[in-house]
């Protein structure tokens, strides 16, 4: 008797009950203002992960030794943002209730809000570490409050001042930078203060959200809004490893791969490797 | 003193007050379920129209002899469908109130609903002629009633039975075809009954909506959901000319060009020529 | 508890034991001489099938009413042709032994040989209906007897004269056409004699192999060796429906989609629809 | 001792002295107004010709039986149009003086002027058969008289009224069509009168120029200015075969392939096959 | 009453009379010898600028506070180089006469000659700062003296020895480097001496020409002749800011974006950001 | 009398008898497991080399002063790996016997085995310097021992322990790294120990094999398996120059360019420049 066709991220095929980490995709990009396409990100990452090795020479660890379950992509409604966020929140809650770590793959950055709502209900003192090119601190964008350009502001609505740490930010309007300086902590352009922040947040529950456009477009052209001036792969690899291996990660996401914009596949391959390194580093 | 940079569809540059037809773009694709990108359609058509001649050897007419004004693209909110439709409705109303014919370029097919709301308020007895590969008659799609897959159903909500004529339909679920057979008139696959319908509707106000995916994907691969088995260019050219030159067009649209999916530019060039032929044929 | 990520061709998700037809992919292209890439064909077809409806207005049938199981892609060794063929033969045998119809999706055309070996062992009197642009009748190609350019010749080695019927052939070297005229039946360029052949083969076990490059490159540019002068979609759709609904199909395949060569996705969409129409027509 | 790397069009490798036909490329596109890139046409055709068979089942002829020499691409100066035309004229003259038929591959259509200058000096009574989507009859284009859009007008300057026969024309400004109706013979849209014209020109020296954009963009998207509404491959194949096998061809060219605009390679493959059929048909 | 469709570079929409800087595009690439396409550069930059923010966190400045006018693209004749240069010179002169700074966007690098002719007539002591991968110092290229490969040599014809400073040069023939060492100042590979040169030229009128291929192709693949070994974005960003904020810029240009060669759009986004940073830095 | 069309790598056109170095292409990729296409590498490098200058400002040397012969691409059988390797070995032997240095351009990395077999027969004490992202040390891959993923292991079969030096390795399975640590010398991630190794191997016959995917995918996306975290162009340029100018190179190859995956052409341009720098540095 033959088996059904099961497709997972590379080596993420343990039994659900044994899993420590649960992957899921959130293929949503309805609020993307410039160039859509991140809806294809999660399935591209899953599909192309087989070009990777399960072993990382950086960490000398192997996915074969980890217990990770890939529950596939959510089927999200395009055009009704609140419904999509509710579905993401529900999936995240299920995973949290089963005492596993939710690892979401976007989609546009707004999907973070759905997952964070669930996480913040469970972990009252949760803090956010946020890697991105864009501040995402607008109060609204062309009239919409549920927009990728507002997602961190919406998270702030939930947890308030002093709990959000941004890194790599190199784009935003004047007001976002001004507002940010009063309510959150922004490390512009790079990760210079990351080590210090990681130390400071030791033990606290952390939601870690990685917008891959923090990378330079030379490394990662496959995204909706390429922002020149980002970091290179090794810098990001070290930064995510630092966070995942030292913080108490209670949920995380990787988002904003828009695979069709990079027909070489290099952007998808970069995303896969960042996901692998994070999966290997999370304790 | 130098001029600002004005960009219009080829030769559509008369004074607004003199215009008989007013073009505008509706760059919206938030409800697109399969592959987004029609938001780039209207600006691509405007930009690439300069590869065309203003003269049509088919009709022996020239855009230089017509009075057409191009008012550019609306700035629509992604992620809040109702707001986008309201903005489209308002623009259409303005044009209708100035006694001109609105000619909208999409965007996904849902934009038709915004324009049609305005037209149906002004013209009580309006009928719809609809060219498409897809029936677009679902009541909802993944829970959303405002979806490109439901747009003709939503128009039916406004004008009811017996006033909608579809042509070229070759895709839909079983229920759509069943429902359609009771409430509207569907000419599957081709335009065989078009001439007869045009005669029958003589003099009545017509809203004409052209989903370009009625074309075969060989002719028009640049669209979100390519459906094999469509018509060729000459068939569509003749059909739009028949409708525009014989019907009392009170509003129309051309939609579903997703230019990035066809990097040859041929799909955009096809769209430009259909728009030219329609502009030349409308009386 | 969450489910694993299962991916199948649209609506092909019944239990294996209930299935009448079993799909599997054969992602192999090692002998491709001109442009490789058909290894990506089967997974592209599975992935993009969700852009289709399960209902066909052509046949007024719905995949939801069929019992089809998708067993996913074989993991084939690149560079050792015999091993790959043996793996395909084994999978086909399993399906045949379970009294189901194997429906293989390539890969390059050579994969047909693996499946046909299994079918010919079970059905002594099997005949082949072959749609293709290329005769594939060489005895060897650059020294290799196991080459896509020789696949029908290798099938002939098994069943001999008078049992192979080719349609649509428009390319080959002089010797292939000469040899073919003595050993098999070739309908060059089109399907003019198909109806007659179908009648003649009534009741006989038929292996049906469809090389999608029988289509014109305007319809199907996503293939390794585009051959101008092929048939259009409707011609092929009618031809496969005729064969599948009137013949005793004991095995079949659809091959030579090389999806990356058509970045519009139209070729993959065409392949999906041909597969759907075949699945619906097979009794 | 090893050989140098010689690259020719498929099977066009006889000794120069034995050749009946001499191929050469004219990679020039400096006057192209819309989208450049035809400079890559001739080398793409040469390179990709190896995807073809040398045998044509249409004509039952084989390039292996012909004597054809490929002299490669000219090295033309971009930006100085007159120099490029002079180099083309010189190459054509050499071939004519050696009593061989020059077969040029463009490049943009203006290159025809260089070759035709040489041909018209040798054959006083030469007539032109011209296949194209565009009339190319402007007297000047944005001030330039040496422009692709004026090339047939420039040929007319040399041979005058009544000697030019156009087919397939579906684009031009109003004035071009008016002027053409007085000075040359234009068969708009198709080849309906071709057979009759071929009969009428029996025995006369013919320069045959094929702008491949006479094909529909579905068949041939790889060109600078795709014009919807063209002919299909089989129509063009029959037409070029008719001309080449019945007329006294004293020179010919095939132009306007811009291979990069069609990343599937189908346009280049079409061009290769048209060249093959012409080479086989020329007596 | 509706407005015409006006398209400008992001936030460059003040009244002409109030403008300090006037943008214009020079879409010309007729002398490009390797791969054409820079003609699409200026309109791509204008169109995609809306993916940027008007605010720069690098300089803490905002385009909303500047007075810049975008006069659109010139309509240049392809194939007659002198005419194109004359049109560019005329536009530049108009802007200079109105006491504004001309900021040209190419186009191939030869367009610099047109603008520089106008600038050098007005500013007798003008010096050139030139960023590029290529020396552009040939006396002629394939016989043409008006070629992109000769543009700086042609500028030297006007102003003579000691007034041209090149940076980033990493390609040229042996003779160009030899000649350059006698007549101008070349900083190979990088910007090591830029600060010193900027100090030395303090107060002098400077024409600043930026060939974007000075960037590494990883950052900027969208150009005709990608030259490995260039600088990264931050290096160029700092260098242009240094020049624009410290020199007396009397005219400048940014050229050689060929947007179609980078389908990710990252190259265009890089070009937009360099333009923004220059506009913000010019006093 | 006209010349045949000869195409060589830039300026590699001396007489065979005078040549010190002989280039040849090995267009083979049948064992590629992830994404094929390196078969197009050698012809792309030859074709695009004309975008380069023959002069290197890095080394102040010019190909015009070197004696190099380009013997074109081998015609290799796809699907029979041993035959392809035998053909490569034979060509290499011919060149070695004529006392010239073979310089092979791949193709996938397995082609190295064919060339190395010939070299190792002639030079008993040959050592290997190997630049790569991947260890290529598997004993077999999916059952195949002749696979790109095993090529260095196969070379080790011939020469044994202590003679292979790898640099830049950042991917492999756990077992490859373990095995490698016992039998060969691996410098992970970078070239830190290269200078020392070059000194140590002074005078010994060296086979130098460069898998271009040692470069970061930002620099070189045009390859089958992009591995984030590689070196930049300048690092590789310096490293190959160091090896070629200081070692006793008796054979070398550059492989794994898959040009179609990078439609900007930047990857091919990078490959061309690495080849040029190596050709110039080899003594």
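In this document, chain identifiers A, B, C, D, E and F correspond to the written order of the chains, with residue numbering beginning at 1 in each.
Operating definition for what follows: contacts are C-beta pairs under 8 Å (C-beta built on N, C-alpha and C of every residue); 3 or more make two chains touch, one makes a residue touch a chain.
Nothing here was measured: the structure is a model prediction, and the numbers come from that model.
Among the remaining chains, those touching chain B as well as chain C are A, D.
Counting hops only between chains that touch, chain C reaches chain F in a minimum of 1.
Comparing contact pairs by residue number, the interface of B-C is reproduced by C-D among D-F, C-F or C-D, since over half of the pairs coincide. When every chain is reduced to the mean of its CA atoms, the largest separation from chain E belongs to C. Comparing the CA-atom centres of all chains against that of chain F, the greatest distance is found for B. Chain centres here are Cα averages; for chain B and chain E they lie 41 Å apart.
Looking at chain C, one finds that residues 216, 218, 262-263 touch two or more other chains. Applying the touch definition to every pair of chains gives A-B, A-C, A-E, A-F, B-C, B-D, B-E, C-D, C-F, D-E, D-F, E-F. Residues of chain F that touch chain D in their complex: 1-8, 13, 16-17, 22, 24, 43, 46-47, 69-73, 91, 94-95, 98, 263. Interface of chain E with chain A (complex): residues 50-55, 57-58, 62, 216, 218-219, 232-234, 237, 262-266, 269-270, 273. Only residues 29-33, 36-37, 39, 75-81, 83, 142-144, 146-147, 260 of chain D touch chain E when the two sit together in their complex. On the side of chain B, the complex with chain C involves touching residues 34-35, 169-174, 177, 188-189, 216-218, 221-222, 225-229, 261-263.
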